[in-house]
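Each structure below appears as structure tokens.
The following pair of complexes shares a single chain, chain A, combined with chain B in the former and chain C in the latter.
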Partner chain A sequence: MGAIIINSLREKIRSKTIYIVGGIGVAIILFLALNGSFSFDDKILTDCHELVPIVLVMVNLFASILAIMLSLSTIPKEFERKTTHLVLVRGIKQWQFILALTISNIIISLFSIGLLSISVIIYALVQGEIQVLLKILGSILILGLNISVLSAITSWLSIKLPETITGFIGILIYFVGVFHSMLSIFVKTREGFSRFLLEGLMTLVPNFAAVQKQSGQLVTGNYVDIYPLVLQGLFLYIILALTFVTFRKEV
Partner chain B sequence: MIKCNNLIKRYGKEEVVSNLSFEVKEGEVFGLLGANGAGKTTTIKMILGLTNITKGDIYIKDNVTVGYSPETPYFHPFLSGYEVMKFFAKLQKLPSKSIKEEIETLLEKVGLGEDQHKKVKGYSKGMKQRLAVAQALLGDPELLILDEPAAGLDALGRIEMLGLIDSLKKEGKTILLNSHILNDVERVADRVIILSKGKMIEEVDVHKLSKNGEEKLEERFIKSIGGM
Partner chain C sequence: MKKIFVIYGLIGVVLISSLIYLGFQGLSDKTEELYGKALDLSKEVEENLWKDFNFGDYPVAIRQRNTEYVFRKEEMRKRTPVLPVIACTAYPVDGEVNVFMLSKEELDTLGDFAEGIGNEEEFLINQFGLDKKKMIDEQYLSIMYHEGLHAYQLKYYEKNLMNIAKDEYKEIDEKEVLRRVDEEAIVSYYEKEGELLYQAITTQDDKESISLAKEYVSARKKRIQFLEKHWKREELEVLKEQEHYYELVEGTAKYMEEQILKYLEREEIVEKYLKTIKELQEGKQKYYNTGMGICLLLDRFNISWKKDAFRNPIPLNERLEDALEGL
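So, the complex of A and B:
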């Protein structure tokens, strides 16, 4: 499986998407952060401690887009190219192949969040806030959990669904996950079967907002609740386990 | 080595392989002949377990090692021929000590010795085809399944490929050859079956054909599928 992961990574690292979207992301984030473009209650935010969590949210947004883009075509492409044939005839099981490709998607998505993090690090350095760098790295690691889950979900969906539908659902899951807390409040206002149905759907969507919040908590030196992180880890585990049982009839 | 009994493959309502039965004996070169869409590749995929069988049975000799060369191979263009081989050798869990030597020998055997460190993106279609055959030979398999191994090769490449199949046969390998190039099959195969629209039309002993010298495989094929 290691050979499949390495091969897939070697291909992905050559993908222009990472560098184009990543580069644009870094440029936009830096431009907005350094030009005082963020405001709250009509007050322009200039303080580094207030801005870093916002910049991290933007990093998460661009990294999520990249995670979806990088993960949605890996598996279908291998089936289209029929590389699967040469792998499966060697006794590798389909689930092993799919799992290896999913892991490579997660690794490359984590690489892309690392790339985007350059913007936060540059921003902190420009502001002379070297002491906050370690906290930023910790926050990025926490956000990496969100990115891993999103990449795994996109990879899993791509086993059966066409790329466009996978991409659409991936983005939908991202936005529902980011507004999870708000949407959960909305769901509580409903009654009867619609509430039951919506609550069920919300359970199926990972709570990206909760993890994002903990990343902000860490960087601002506040208490970090471990529960949402454990829950997200569990979510990742379940998605990876699903790749064991989801397969294509025709390879 | 392989025995297929009443194989049927359906995609939806369409039956692409119908009641196909044949046997590939140990040490022979067995050809699957037919026009495009005759069901040759589907049959190979069923034998390799790459697609489900709708009905019927396939028996393959116990513990037999199989090498497979696909019709349109795809290899990552950024890898060299050597790296492609190393990747598949790792998947096959070949002993790491002997991998280098085995890869070099095989690449030499298929005529890619000098180009083994060139990136695949610089390979011609024929070179990729030869690389496909080389990876099929990893681990010295007893059974080789070659899907259109001479497709895309120029005249010289084809002669070399047929020579390679000949030498593999002499080494005692069993080869299931899928091709639509009648002359190639006639040159290397011992027996062939002619397929048309998923059905077996005829089984031909190529040696008998050559002995009589009256009828070429091409004529037999045209007669069988009812053409011209």
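So, the complex of A and C:
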């Protein structure tokens, strides 16, 4: 299984997509962070400690798009190329193969958020705020949890669904997850069957907002609630477990 | 192979146990301590700030995640949340008015979210907990008292107050009605009122305060006269009703917040509260501020105003006008 992960990672690292999209992302984020004007509570934000969370919002957005892009085609491509035949005749089970590919997707997605984080680090260094770097690192690690979940969900969906549909659902899940807290409040204003249905759907979508919030809390020195992080960990655990039992027909 | 499943299973056990442990951790010591402080203050508040209002008379349900910790003086019991939404408010439960609060940590995390989202940008930033200014303990106490006063209003004067709010839910689409008048003119009316009210409160000179307060009352009437020319009668009625209701119900509650902060000697925050009076805000929020401002003036010109505030719920501005008569 280790060999499959390493091979899949090698292939992805050789691909230019991650560097092109990542590089453009870093450039855009840095441009916006250094030249943009952000206001909150009618005040223009100038303090680095206040702006870092905004830069993190942008890193998270780009990293999530990259995670979906990098994860949606790995599994279908391996099946299309018939690599599965070569792997499965060596006694490796299909679930192990899929799990290995999913793990490689997660690792590469984490690599991409690491790459994009260069922008926050450069930004903090330009602002002369070296002491905030450690907090940024912790914050990125927390965001990594969201990225891992998004990558795992996209990988799992790609086992059965065509790439376009997987990508679309991945993006939809990302946005619903990011606005989870707000949407949950909206759902609670509904009544009857529609509320029951919507509540059910919301339970199926990971709460990216709660995890993001903790990442911001860490960077701004506020109270970090562990509960949503563990809950997200459990979400990842369940999605990975689903890859054990979801199979794809070989062509 | 079996080993992998065993390890995977163990990870699952660890995750679920951690969730259960965290879920049962209960309310933080900090929040419990703050409830204790609020309770300790209740007698002094009743004696010095608002006779008949005793915070300790009301059960306080503090929500942390999916559990409510209901405090009744020294007693505490858990229950599943009663309200479908997270909110700081007062509401009757089984015939008894409860004060609903969030734990200090949740309120710190939610920030403005509990009171609604200002705009898209604020929401996006709020997602990342940008507002690093943690709520100080005294602010949390003052919010407890804000909701506590609502509990008092509901318990004793619900009928009186509900009679005012015949059209409570018929909010005016401000932007739409403003479009029909000279928006700049109406804004300048409101701004002038805010400035006069603020000056009347902050001046140390009583004579000047009386004169500014009278100017304020008259400026307010002029605005209504101006609106009479441009708005439909029913729209003006809804506006007057809203001013009356929110200034009386929410203005007094915000006044209570301000008084608690003053009592706890957080002058720097009190100053910020007062400045909100001259900052024109959209929607009903502005009535919280003007209501608080009028209460502060009433403290100066009619010290017994609280006795009748809800028993005879005339609009606060009319009460002020009466108090200024003959001065």
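One rule holds for everything that comes next: the second predicted complex is superposed on the first by the 247 of 251 C-alpha atoms of A that agree within 3 Å, B and C clash if a C-alpha of one lies under 4 Å from a C-alpha of the other, contacts with A are read in each partner's own complex, and residues count from 1 in each chain.
By definition in this document, a contact is a pair of C-beta atoms (placed from the backbone, for glycine too) under 8 Å apart; a residue touches a chain by one contact, two chains touch by 3 or more.
Bear in mind that the values here come from a model prediction, so they are computed numbers and not experimental data.
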Determine, for the superposed model, which of the two partners chain B and chain C contacts more residues of chain A. C
Touching A:231 in the superposition: chain B (first), chain C (second), both, neither? second
On the A-aligned overlay, A:86 touches which partner chain: chain B = first, chain C = second, or both, or neither? first
Touching partner for A:178 - first (chain B), second (chain C), both, neither: second
With both complexes superposed on chain A, which partner does A:220 reach: first (chain B), second (chain C), both or neither? second
Look at A:209 in the shared chain and tell me whether it touches chain B only, chain C only, both, or neither; answer first, second, both or neither. second
Applying the document's definition of touch, where does A:133 land relative to chain B and chain C: first, second, both, or neither? neither
Is there a shared patch on chain A that both chain B and chain C touch, and which residues make it up? none
In their shared complex, chain B is touched by residues of chain A numbered 2-4, 7, 10-11, 14, 81-92, 249-251
Considering only the defined contacts, which chain B positions touch chain A in the complex? 45, 48-52, 66, 68, 70, 72-74, 76, 78-79, 87-88, 90-92, 135
Chain A-touching residues of chain C, taken from the complex the two chains share: 8, 11-12, 15-16, 18-19, 22-23, 65, 84-86, 105, 108-109, 113, 117, 121-125, 127-132, 134
Per the touch rule above, chain A residues touching chain C in the complex are 38-41, 49-50, 53-54, 56-57, 178, 181-182, 185, 188-189, 209, 212-217, 219-223, 225-227, 230-231, 233-234, 237, 241
